[in-house]
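One chain, subunit A, links the two complexes that follow: it is found with subunit B in the first and with subunit C in the second.
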Partner chain A sequence: MPDLPFLGTFSMNTFFQLFVSGLATGSIYALAAIGFTLLWQASQTINFAQGEFIMLPAFFVLAGTQFLGLSFPVAMAIALVLSVLLLGLGFKRVIIDPLLPHGVLPIVIATIALGILAKESVKQFYTAEAQPFPALFSDRTLNILGAAISVQDIAVLLIALGAVALLQLFLNGTKIGRCMQATAQNPQVAEILGVPVRRMILFTFLINAALAFLASVLISPIYLAKFSNGETLGLIAFIAAIVGGFNQIRGALAGGLLIGVVDNLAAAYISASYRSAVPLILLIIIILVRPQGLLGKAEGRTV
Partner chain B sequence: MNPVLSVRNVSKSFGGLRAVDDVSFDVHQAEILGLIGPNGSGKSTLFNCVLGQLPASAGTVLVDGKDVAGKRPCDLNKLGVGRTFQMLQVFPEMTVLDNIILAGQEHKGTMLSRLFGKPDAGLTEEALRMIDFFRLGHQTHEKAGSLSYGQQKLLDAAMAFMAGPKLVMLDEPAGGVNLTMLADLKERLRAFNQERGATFVVIEHNMEFVMSLCTRIIVLANGRIIAEGDPETVRNDPTVIEAYLGG
Partner chain C sequence: MSTRTSFSLVAGLAILILLPFTQSNYGVFVLSSWMVYSIAAMGLNLTLGYAGQVSLAQASFMGIGAYTTALMTMAGIPWPLAMLAAMVLCFVIGLLLGYPALRVQHHFLAFVTLAFNALVVLVLRNEEWLTGGTYGVVGIPRPEILGLPTQKPLAFYFFVLALFMLTAAALYGIIRSPWGRAFRALRENPIRANSLGVDIRKTTLLAFAIGSACGGLAGGLVAQLTQFIDPNSFGLTISLKVLLMVIVGGAGFFFGPILGALLIVLAPEFLRFTEGYYLMLYAALVIVLMVFCPSGLLGLVERARTALKLRQNPNATTWEAGR
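And then the complex of A and B:
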């Protein structure tokens, strides 16, 4: 093994291990980042409560099992429905619809407020302590090419990527998905062609809520469920969306994975205490070098 | 037989300004009607009243004998009124083929049929024919946003025709299109008109284009019809010359 003075002893196995677990958390960031881009494309909404949208569903599940005595699978199902209703339908109807005609800024402020409300409510009415969240997968590790890779990481990665693949299939391979794309690209014409534009936008919000639920139940077993989780998650997802290119699902996916991996490697090899600076540094580099994002295209049109 | 489009005593006021003042005309099957007039003559307002984008202050608009008052643009689309846009209006991130399919499909059905029905709604063949007709064949699978301006105009027209409309309203089709492409566009529109008996109403500033494309021309000035007839008659009408030059 090469002995790099500032990295300590470098082991390929450890590197691979860190890389895979980075991909796993990165794929969860990607789910949240994709939600950002979907809402942006469909209705020019930047949801600054996105982090809290990922924090909340885990507490819906916990409330179901702890207060209502529901079994875990039932609580999960109810939490999914609740997430879609509250964070999708409710969010759209109560906050976005009335504010959208007034431009982007009121929505930004309203979603920041919504984030604070969600965070403080959980702290006040539930608990300020981090809550353990049942692991969805066994905590065994598999030996792959000499590296110990946890089953959980692989399962998280597969589920998150599977969800993204399904979403892509839905958007490209169904009539309704194509109508959603048309709505995002040119709502006026879509409307004239008879596409039910408002419903398509609503679907986007429902999908975002479902993605947030999925991200929540995947990440909470790793980081525990805590009222303040949304702060980091929201920021990282936002950065991932920008890094990848705000107007592209593929970009958000790439951005999420990249941040997950870079973050994990930097924490191990450079400094754990500066780890939260890593996404920000990445953001600054991308904005300087490639402001449209890794895969994004510059908005605006050349004529 | 009913006229395809019948505009009867339509007026539209904005506050004290009468942008369209008691205008009546009919458009018959297989006609290409040009609607011209100096800037501010009320062409676009009239166009928007017909298309349901502005409610008329008075008068009626009949499509195929049916009153379309209060219909939304998408209802008019279903009734067989297609349109193209002055500013380019395509779905830039979709392929040429997908743009045309989207324009042709009927947006109804159950959630299940929307999820599991063929995403192309069985329209691929017809869409490919339309693409060939408008000579965009070599760009079938390219993103619409990557096409040149003139080609996007052709695509816009192809989209308007895809749903098999009774009437197509063309809003400044020649605007910003280079001369070669313009000849192409004109030739294709005329071919469509002759081969399929399609009916058009064209708003246009480019006189040469209108005169050589249309079978009949209506001239608007200050919201009123000041002249009507075949291109030659209109071209030589002193009131028209005065409206354009005398201002």
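And then the complex of A and C:
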């Protein structure tokens, strides 16, 4: 057993710092997990390429600035449009639509393959090296109650939470949002009541792509843009979605934040070499003890 | 079994016995690894094709089997005992892992197994005192059968062939048994199977555990075949590879995983000229296959056969034509 660092050097300030930066990365995980949950609700699609969906938009931006010589804001705008078209519309039309009638399994396989395709394409056509990505905010730190909190962490947290709040407002407060919820709950009844179900499902895919774009530009300045980023990001998004409760946005948000914080604290206080095991163990414990997730509601039938 | 099927089986076996004599050492190695992966894929087919649950941990069971076999034989324990221990260990871990995962709905087993595979690789990498860490285990002995060494590639090929045939026969027996029929019923219509008295969880769990034990056996053979193992040989990508073997060949068809393993083990040999584009091409092919034929290659064959019969006898129902 290695020495327990927190016995000797535990400081409340360090803990607070780790906690806040954990919340910041956790809020990015939450964006990915929410998109994942939305897709599942709307069309029973388990997207195993979700991690790659978050890896790609950063490279769209980089390609825009480096190869086309665009300015950063223009490249961002184009990357957003490209993400929504490619990862939203294209993904649905080309892969999900033909596969949906055949059940979950072919979609699982096809999205796994899609993830590999995206990863390998970036590696072949762009680079295998990690690329620095321009930070959206200054890397200054603020002194709050003696703890050094970085401005970037706070900005990331605010933007991500703001996006989630907007999404909630949209889903609960607008007609389209309510139609989307109806579609998620019961497509047949929604159809009978005159909801254009197919269009609502398409909207879900577009929103997922937009969330992936946001997650991408928020996380890439922290972890650098790399072709293999999707592997961990995708896995953590799944875990966050399940830990929080697979069928709820609130749950995915809580799951994402929890994983971010736990991961950060575990790396500092438990063991760096087993850091990536912590979310995995959390997943297995949750499934054992509370299979419907922390905030999820149990569904009646288990078949 | 009709005369035609038994004839093709005998012919197939004859080919498998004669083929290695025409091959170089490398060819024999490729054929051996095809059969080893077939064993792992057949085990996964039990879980995936017949019980309808996605598992992404077959490589981790291969890893557990490989390290168990390697470390035990190198500690002087006879190989049959070591390989048996590997299989039993994988069976038990399969039960322990499947039990919580199958309690919940959707495809949770996929996620739990995904996480489990990542965990196993972490443990193999970090516990250097046992597994040698990233350096792996070197110099794993090949078994000696009744005093006959299998150090030569050809001799080891026949050892693998024997175990391959044994596993195939055992799995065939399981699928044909009343119990095997029960879990096929469960894949087709779980609610109906349940109301007819099939215990869904118990049946699926056992299918998963048996599939895991096959993974353990395949892992033991990988250790002896390559005589070197490291954590990366059992990562998530290998799990995906085994999953692809089952899907590409045709999940739920007995010969599906064997055909799939053949294609996927041979694919790098044929696609070598594509160099770095290999994985991209491979992923694109899988997507195309899924979009146009989600039931795999044998599913395609069956569809063609049904269509042909319908043309010959337009009055037959699809059901009759499918016989």
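Methods note: the second predicted complex is superposed on the first by the 292 of 303 C-alpha atoms of A that agree within 3 Å, B and C clash if a C-alpha of one lies under 4 Å from a C-alpha of the other, contacts with A are read in each partner's own complex, and residues count from 1 in each chain.
Quick note on the criterion: contacts are C-beta pairs under 8 Å (C-beta built on N, C-alpha and C of every residue); 3 or more make two chains touch, one makes a residue touch a chain.
Quantities reported herein were computed from a predicted structural model and do not represent experimental measurements.
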Touched partner set for A:Q66, first subunit B, second subunit C, both or neither: neither
Touching partner for A:A182 - first (subunit B), second (subunit C), both, neither: first
Which of subunit B and subunit C A:S138 touches, first, second, both or neither: neither
First (subunit B), second (subunit C), both or neither touched by A:L280: second
Subunit B or subunit C, by number of subunit A residues touched: C
Partner chain in contact with A:S11 - subunit B first, subunit C second, else both or neither: neither
Partner chain(s) touched by A:V195 [first = subunit B, second = subunit C, both, neither]: first
Shared contact residues on subunit A - subunit B and subunit C: 301, 303
Residues of subunit B touching subunit A in the complex: 73-74, 77-78, 83, 85, 89-94, 98, 101-103, 105-109, 111, 113-119, 121, 145, 149
Interfacial residue positions of subunit A with respect to subunit C in the complex: 46, 94-95, 98-99, 102, 104-106, 108-110, 112-114, 116-117, 120-121, 123-124, 231, 235, 238-239, 242, 246, 273-274, 276-277, 279-281, 283-284, 287-288, 291-292, 299, 301-303
Interface residues, subunit A side, partner subunit B - complex: 172-179, 181-182, 185-186, 188-196, 301, 303
Residues of subunit C defined as touching subunit A within the complex: 48, 52, 54, 100-101, 103-108, 110-112, 114-116, 118-119, 122, 126, 190-191, 194, 200, 236, 240, 243-244, 247, 251, 276-277, 279-280, 282-284, 286-287, 290-291, 294-295
